[in-house]
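You will see chain A twice below: alongside chain B first, and alongside chain C after that.
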Partner chain A sequence: MAIAGTSDARRSLGFLSRDTLVKWAPLLVLLVLIAFFAVMEPRFLSIRNFARILIAATPALMIAVGVTFIIIMGSIDLSMEGTVSVCAVIFAFCFIWLGGTLASWAWLALPFALLVGAVLGFVNGLIHVKLKIPSFMASLAMGFVGTGLAMVMTGGDRIRIEDEAFRALLTVRWFNFPIMVYVAGLFLLIAWFIQTRTTLGRNFYAVGGGEALAHGSGLNVDRVRIMGFTLAGVFFAVGALLAVGRIGIAETATGNNFMFLSITAVVVGGTALWGGIGGVWNTLVGVLIVFVIGNGMVVIGLPGYIQDGVLGLLVILAVILSTDRKSISFVK
Partner chain B sequence: MSVETFKPYFPWITLVALVLIVGAINPAFFNLGSMVTLVADIVPLFIMALGMTFAIYIGGIDLSVQQVANLVTVVATVYLAQFGIFVAVICVLCGFVVGAVSGWITTKQFVPSFVSTLATGFIALSGARYLSGERALSMSAEARDASFGWMFGNTAGVPHELVIAGVLLAIAWFLQTRTTFGRALKAVGAGELAAVSSGLNVDRIKILAFALSGLFAAIAGLMFSVKLSGGDANLANGFLILAIVAVLVGGTPLTGGVGGVMNTLVGTLIVVVIRTAMVYLQVDATMQQMVFGVILIVAIALTIDRSKMGTVK
Partner chain C sequence: MSFIKEYIEKETINRRNLLIASAYGLGGVAATGLLGTGMARAAIADPTVAWSYRNRTNPYWNEIVSGGEAFMEGIGKSKGELVHLINEGSSEKSLADVKATLARTNGELALAIDTNDAPNARPVVEACVDAGAFVSTLWNKTDDLHPWDFGDNYVSHMSWSDEGPAEQTARILLDAIGGTGGIVHLGGIASNNPAIERLNGLKNALKDYPDVELLAAEPADWDTQKANQVMSAFLTRFGDEIKGVHCANDTIAYGVLEALRAEGIDDMPMVSYDGNPQAVQLVAERKILATVFTNPHWGGGITASLAYHAATGHFKPSEEPKEHREFNGPTIFVTPEDAVAFKASYLDDVPTYDWTDFWGPSNGPIVYK
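Coming up: the complex of A and B.
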């Protein structure tokens, strides 16, 4: 939704050049925020509190990582709320139908949920590319379909998952952090691998950097797009599984609020909405910024009604700091 | 006579086709009285979408409209007793200021409108929650009827809400097609760099577009508040996505420069017909969201004019 202007090769050398500053700005913002909340309330710095932040952040992190690939391509995916709900609900049904505990064949529900995410993402990409509908609208409509589908399947009911082996995601802790944090870390590494070490990952940047150019150099842009949406769907599914693992309930509302949250986090992390810039580490920082702000405001005891406004202000500030104003001529 | 000639009319054709299909299956849909009520009911949504059109027309988006409307419902309810009908001025100013701030952050601070408007929306929400004391407030019936009772009357069977919507549409249409500001909006939407080069004060135009979006959202919030005789920080929730959908289905693409307020009129009507048709056609309540999504994809696929878009992002 914005256009990068002429970015000349103005690369100044030196340790603290503007490029370096802009690149590390999101991380600096995160550190400043942590320092600020720690000064205001020392309890903020406890391991226990960090575990709390990470537990809250992991589902959103997976979803934000998924949409990062799409945003790098310069598109957008708004289908996550629907996809997450559908994956969560289908997972819960399969899991219970196959025995209801990870010790039985019910573990098959895990890969099946990822497959469902991939299929939804694939359909999303197909509608976007083949019908030539801009991704904003195609994915928004797919989101409606997803939420609706989850509604039809559950009839509005909640499905409880009480299997101890599955809930171990939250209840069992290694080195003070629950397993779900490590699972999210593993998938983050996979995403990083895809981004930096695979052709597909490089192609995302090629499409985002200049689609006409990518097309001209023989890249099958349509295919890259569809694969990108499929991949995003898989990460949405991982987010759905972690969300179910966190609260032990799958329902239509499992996907609620993830849309604006994940995109805000991606942008705050320094991935530009116009594509070609950023990556999964930016997204990690962005998600942490958003959740540290949320947690910190509660810990230092800000009244509830101020919290939304402060979050809004800080998000604007974070984006301003991590934007290289000299290399863009305008944003939309 | 080629397909190209008809392209601008695709949204209209889609609308007429939808109405005819629904009417053919259930003739009760063609009842004039219920149709008028139906359309009058969605006036706040239409006004919000009308404002959003300006933001999307220049290639941006305004995600703060729902929260602006929320804020305004609270402001209107709290200050109605004190200011009477002049509370409308305060409300409209609120919307204008929030929109202008979003515009300023977008243009001067290079924060994409997707994020800047989302953030100003949060700030507006904070304001609404603070002012309402996190409670649902209600207006005193006499004060409401004295100041805004006229809004819900009838003249010769035409609800006054429709008249208001018509007047606002006329103003928006006039702004878009008959003023230099309107032409400048199109220039910015079609190609911002070219607009800058030709000497337009693009920043001011963009800020004004966002301010207008906020202003219309405030009017929508005010009407909503008077209609429900109260205000609270979540009253208008659910409007945002529908307003965006109404603009997009009408044929104003997110890339800007094409479409306009008339398209939004059609878009809003399409959305409403789809929603109502599901009731008339007795689609199961749990199925409605899904059916809405599928029809939306079909409607958008039929409606949008791809000839003016380069790459589809």
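Coming up: the complex of A and C.
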């Protein structure tokens, strides 16, 4: 744990205290970015464009929400790319094998994919906790295993999902936004419910805030960790389903880039990497920041290669804004 | 803090072991060098065949390697006997793997390789030549490195020139939009040679179409999801001004198609490149107007075959003309008219190639600018 004592005196400086600023900084950054892009190119500020940003963001949002729980615990999960690929590929195989349309038994492939995600997360958690391997290493390795597994299953091929009913996730719109946006919204609410209204959710904060203390208070930390990784696996699977829904293709590459995207989004949103701070709403704001930049850069016509640089700067800025550096005794 | 102490001790021992092992390994390589230098092997009866490449996740490299495996079956061996040296995009790993394999096989090696980047080709080739192995390269090498400067052991180099074919697909696109209006280009990784050539091809074609404006060219990194996002943003930026889309490859085209589908647009003219099975199907359905097939299956097989047959003495590379040492791979246009026939003869039922017809399907010597 990297957090030592904090100074209470500094924290109660009145209305615009450091705490308030820290809490709202990510949202402020998001609003400033939107305003900036809107001024540069008025077309950015249209419902259709917001729908485009949200379509792009939904799979990453689900994955980032999953990893948020893990980061709140002070661990990290880097298995998302492998897990997403495996879930996407298994879903596609089952979906086609069971009939290839949602109107048949093929709908069973949806819950089955979530189950696969849960199992992968569970194994990931078991390896981390029981073999006492740092979560960083255990999950990264599991991610590679997942990518390899997806590769073996597909033999490098793509699987197309052409079913109109499933693709309605993308093609059918309610109030200007495709169904997948509402699905992601629903799962975000579920995540928020887990975070605030369940014992498990509170326990994530307990573990992240001070593991020794949580352990000393009689909390079965190992169990909380394993359940956390399982839960993250389920959200990765939801992300995988939305990713397949968006492109209509399941392949080994379905999971590509999600590690960088989701971790960046979580950190930019203000969830601290050492645990105990942040939550799913932070992650929503973080994901929106990342995708608003990606969309806005192209919309105002800045070259693509600047985007990564800007994102990197934003991560540093976000960490500076969202944490009180003076309260940290050492950094590792 | 005892565990920290223990850890440091363990690491110290590990490092010592590593150093000893490295010294031993280097000694081994040096010893091989002493014995092997200048040893011009006439023929190797049964060389190990290896393919060194990025990884199989990428559909293109998967095709290349499946060609290598088909070649192995063609010479009566099993797929599993092909040695895979996977560099995961690292030139250092590529070179280290080659050196390790040379040491293990004592130079009795027929190597097919894409060296990951051009500068890495020279050390790889020199290591093979020094060990008496036979090597054929694909895609990457510097312009000053030529097979004929290394006798028989650097057998051949194959590449593809994409500028011409990309220009031709661009003309198909520009004609389809009636020679007027705006188009966008979604490219590969900006620094990749094929990405540069394919954009140049488009620009060459545009010279003859003064009424067409290239609204924007943005890299999409050969990635479906990235392409999807870039195309969405293009739609915000240009809206109805976009009349056609030029994609640097098929995986990009898939992302573009889905971005358009999300907006209810299903008749936007577009062209792509690579001739993946799914793209060919889309060409047959007229969702894509043209793609270019480069036959990676044949490329992967023939590169391994050249190295193998040179190693076994089937032919003597130094007696072949220069256009047989450095040549361009095949390019086949796929348009809606011939997509179905093409798919039947090349993709659904992969032809059995004659792996000793080294240059039949190739496409002329490599021309340096």
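Everything below uses one rule, namely that the second predicted complex is superposed on the first by the 316 of 332 C-alpha atoms of A that agree within 3 Å, B and C clash if a C-alpha of one lies under 4 Å from a C-alpha of the other, contacts with A are read in each partner's own complex, and residues count from 1 in each chain.
We take it that a residue touches a chain if its C-beta (ideal position, glycine included) is under 8 Å from a C-beta of that chain, and two chains touch if they have at least 3 such contacts.
What you see is a predicted model, and the numbers here were worked out from it, not measured in a lab.
Clashing of chain B with chain C is the outcome of superposition onto chain A.
By the document's definition of touching, of the two partners only chain B reaches A:V319; chain C does not.
Using the contact criterion defined above for the overlaid structures, shared-chain residue A:T101 touches neither chain B nor chain C, since it reaches no partner. Touch criterion met: A:D308 reaches chain B, while chain C stays clear of it. Here chain B and chain C are compared by how many residues of chain A each touches, and B touches more.
Applying the stated contact rule after C-alpha superposition, one finds that A:M151 touches each of chain B and chain C. Touch criterion met: A:A243 reaches chain C, while chain B stays clear of it.
In the superposition on chain A, A:G74 contacts chain B only, with no contact to chain C. In summary, superposing the two complexes on chain A brings one listed stretch of chain C into steric overlap with chain B, and the stretch in question is 96-104; the others among 42-50, 96-104 or 348-356 show no clashing C-alpha atoms. Chain A residues in contact with chain B (one complex) as well as with chain C (other complex) are 147, 151, 155-156, 304-305.
Those residues of chain A lying in contact with chain B across their complex are 1-3, 5, 73-76, 82, 127-129, 131-138, 140-149, 151-152, 155-156, 211-212, 260, 263-264, 267-268, 273-275, 304-313, 315-316, 319-320, 323, 325, 328-332.
By the touch criterion stated above, chain A contacts chain C in their complex at residues 41, 43-44, 46, 48-49, 52-53, 55-56, 147, 151, 155-158, 160, 167, 170-171, 178, 243, 246-249, 251-253, 256-257, 291, 294-301, 303-305. The residues of chain B lying in touch with chain A in their complex are 58-61, 63, 105-107, 109-116, 118-123, 125-127, 129-130, 134, 192-193, 196, 202, 241, 244-245, 248, 253-256, 286-294, 296-297, 300-301, 304, 306, 309-313.
Contact residues of chain C toward chain A in the complex are 56-59, 62-63, 190, 216, 218-219, 223-226, 228-230, 232-237, 239, 254-255, 258, 261-264, 278.
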